[in-house]
Structures are given as C-alpha cells and as structure tokens.
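Order of writing sets the chain letters: A, B, C and D. Residues in each chain are counted from 1.
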Amino acid sequence: MAIRILYFAGLRERLGQAAEELILPVAIDTVGKLRAHLAARGANWDALDAGKNVRAAVNQRMAGAETAVGEGDEVAFFPPVTGG
Amino acid sequence: MAIRILYFAGLRERLGQAAEELILPVAIDTVGKLRAHLAARGANWDALDAGKNVRAAVNQRMAGAETAVGEGDEVAFFPPVTGG
Amino acid sequence: MSVKVQAEDFDVGREIAAITRGNLAIGAVASFVGTVRGANDGAGVTAMTLEYYPGMTETSLDDIVAQARRRWDIIDALVVHRYGRLQPGEQIVLVVVAGEHRGEAFAACEFIMDFLKTEAPFWKKEETPHGSRWVDAREADDQAAGRWKNP
Amino acid sequence: MSVKVQAEDFDVGREIAAITRGNLAIGAVASFVGTVRGANDGAGVTAMTLEYYPGMTETSLDDIVAQARRRWDIIDALVVHRYGRLQPGEQIVLVVVAGEHRGEAFAACEFIMDFLKTEAPFWKKEETPHGSRWVDAREADDQAAGRWKNP
C-alpha cells in the first residue's frame, strides 16, 4: 500500500524531511498505527509518539488516530497551528 | 437671562429655524421648563411637548429635564440620533 | 486617539497604515466601515444627507473612544465620520482599533460603533422616489448599546 | 466569497472597495488585520517566516468561511493570508465580512479569525536575537474558538 507523507514546520525540521513516499504493511491502516509505525524508527521519530502533540490530516482533511489510511492517500503530520 | 438655542434635523425643519437667541424669565431655569416655555408658543412648537421624543444638550453635553439652564448657555434640541 | 468629522471620503488602508506605522506593539487591528445602502425600510434610497452638531459631535466621539480605552487594553483608536450628501455605496463611518491581541480590538471597535449609533449627534435624511424622510432611530441600536451595560 | 494565500502584501482599502462595489445591499463591513509584532513572549522579533500547507490551507479557509456563512446572514467575506518571511509591522492576515447590518458582520469576522487561528494550517517561526523558534499555539486561541460552541 503506497502512501505519501508530508511533514510541516517544527516537525519537518526535527525529522529532517518535508515528504516521503512509503509502502505500508497491510496492517498499518489508520493514522494512529501509522504514527506508531513511524515512531518505531527511533531517534528523532519519537516526535510522532502517541503522547506527543502532533496533528494529522488525511487527504487534506483533519484526521484522528482512528481515521483510515489507504492506497494513494496523502497523510500529513504537523504541530498545532499558529497562523493569523 | 440670555441663552442660545439650537435645533437640529427634523426638529429644525419643523420649527423652521436652526438657532435663536432668547431672553428667559428667571423662573425658566431647567431644560424641562424651557421645553414647556417653547412648546407654549403653539402651532409646530408642540414638537417640544414633554411627551415628545426629543433629546436635549446643554453646552454640548446630553441633558435631562432637570438639567439647569443659565446665563450664556448653549441649549440644543434634536431627535434621537441616527448616524453611523 | 483621533476623531475626525469631515465631508471628504477616507481611505481605510491609509488610515490603518497611519495607526500601525512605527508602533511595533500592535498585532491586531479591528475596523468597521458603514456604507450607504441603496434601500432602507422598503424604499429605494437615491441619496442621503448627514447632519451633525459641530463641537458636540466631536466631543461625544472623543468621550466614546475614551470610554473604550478605559474598558479595554487597546493601543490606539480612530473614528472618522462624514457629513453632507452621500450616494448609495459611499462610505459613511470608519472605526479602527489597534491592540496587541484581537479580542480587545474587536470588542472595543464594536463598542465604539454601538455607542456612536446611539449617542453621537448625527442625523440621516434619505432621498427616496417618494420624497425625503428623516431616518428613525432603530430599537436594535439601543439594544446593541444596552448589551455593554451587563458586564 | 474568496480566500487567497499569497506572499504579496494586500491593500485593505482596495479589498474592501472590491467587495462593496456594485452591491448596494451592503451597509456594514467589519475587517481584521493581523500584523507582525516587534516582540513576543518576552523576546524581540526581528523577522517571522510563515509556512503553510498548499491545498489544505485554502480548503480549510474556504470551510471556515462557509461555516460563518451558514451561521450568520452575511453578504460577502474575504480572507487573505500571507506566507513567507515578514518584518515586524508587516501585515499577515486580512478578514473582511460585509453584511446589511453590523452585528452579523462583526460576529462573523471574529468567528473566522478565531477558527483561522486554531484550524487553518499555518505555522510561524520567529527570528530573535537569541536564534529562531517556532511559535507555540496559544491556549487563549483555543478558548476563543471554543466560545462559539456555546450558542
């Protein structure tokens, strides 16, 4: 299952990348499981641990831990917003 | 006791004058008494009757029926305001 | 703090720039512009004439702005109100309030408009196809101003 | 209804004129301008960079404006938000709401700002004499947006 992941702002800087293409194991089918999958990379990726204040979007709509992730989706992770 | 009276907007048009100088009897020493004094002129001056929705100012400050009127004061009568 | 009663039109962008220029404490600017509508109370309006009380009107606006300043932590405020004959679509009034954050700026701006509408000596006369008429004071405006008395 | 995310500055007066021109039903225009402050959280700010999420940010702003439209009887609304590097004193965001009367225009304008602050994907990074830092989300902004949930 191929998805595209985007990282923004402080999270982008901490992870050292703005975007990646990823082939997911079939079992990784929600935002919450994807976060755990990425956090397991270790080092700075602990920024995505479930307890961390990170927001997620799937296909440019705000998403929660239970939101489904599937083939071709664009998933984004970012800190709480601070515009305006 | 000489005072100056100003009339504005619909009241000015109804009375046919924008301003007048008036020598008041000593007994006419409040806004309320002045209104009654002017209303007693009859005809269109009934627009100043106590029951009519007319606002008053003395020396450019909003005034009530009990507000004192004295030598040299500028008294104004006008309808409720409608700016903005 | 500044209050202007004038016949000329105003430029909102220029007025906001004049307030914010050189004051880097400002982070929020709330504004209001009132315009002449092309219809009112069911009749077309072809023009409107605004009358005011020179001297008292300015004092009244100064006093309303001073009340807003006492009530909210704002940095600057401006009121511009026109008089004379205006066409539909033209600007009548501008209120600008600048503060550090937006909550105070919004509240003070709305407060100033609500009191301007009920306390500042201005009167509107509309020209309609059926003749001229003085605009009646609106009950809704008294209610809007009354709100601010309940803290 | 219009939403723009752009690097260029905007002219408040021109944007208001563009909304009101030709619509004689409009009698009230409430606006908000957010500017870069020269200090924040106790440190001087020498510049600020705004990052956003192209695509999602515009959709999010469209959605906030549509919510305001469903909630209040307004005639038109505009949001302009800049991205990129800005200096203290520069304009960041503009919200303009036009309606027949001022109550709706003020409420919808403040609502849009409150939700923009908490929902639209923008992030600020400040440059200070001590280095760069990402701005933290403010609890006060969550509270401001939360207010609108109690009718």
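List of remarks:
Here, a residue touches a chain if its C-beta (ideal position, glycine included) is under 8 Å from a C-beta of that chain, and two chains touch if they have at least 3 such contacts.
All values reported here derive from a predicted model rather than from experimental measurement.
Path length between chain A and chain C in the touching-chain graph (shortest route): 2.
In whole angstrom, the spacing between the mean C-alpha positions of chain B and chain C is 26. For this pair, chain A with chain B, the centres built from the Cα atoms lie 73 Å apart. The mean-CA centres of chain C and chain D are about 22 angstrom from one another, to the nearest whole unit.
Work out the mean CA point of chain B and of chain D, and you get 48 Å between them. For chain B, residues touching at least two other chains: there are none. Residue numbers of chain D whose C-beta contacts span two or more other chains: 34, 113.
Contacting chain pairs in the structure are A-D, B-C, C-D.
Those residues of chain C that touch chain B in the shared complex are 34, 50-53, 55-56, 59, 81, 92-93, 113, 116-125, 134-138. Those residues of chain B whose C-beta lies close enough to touch chain C in the complex are 6, 8-10, 57, 60-62, 76, 78-84.
Those residues of chain C whose C-beta lies close enough to touch chain D in the complex are 11-14, 16, 20-22, 24-39, 88-89, 100-103, 105-106, 109-110, 113, 140, 144.
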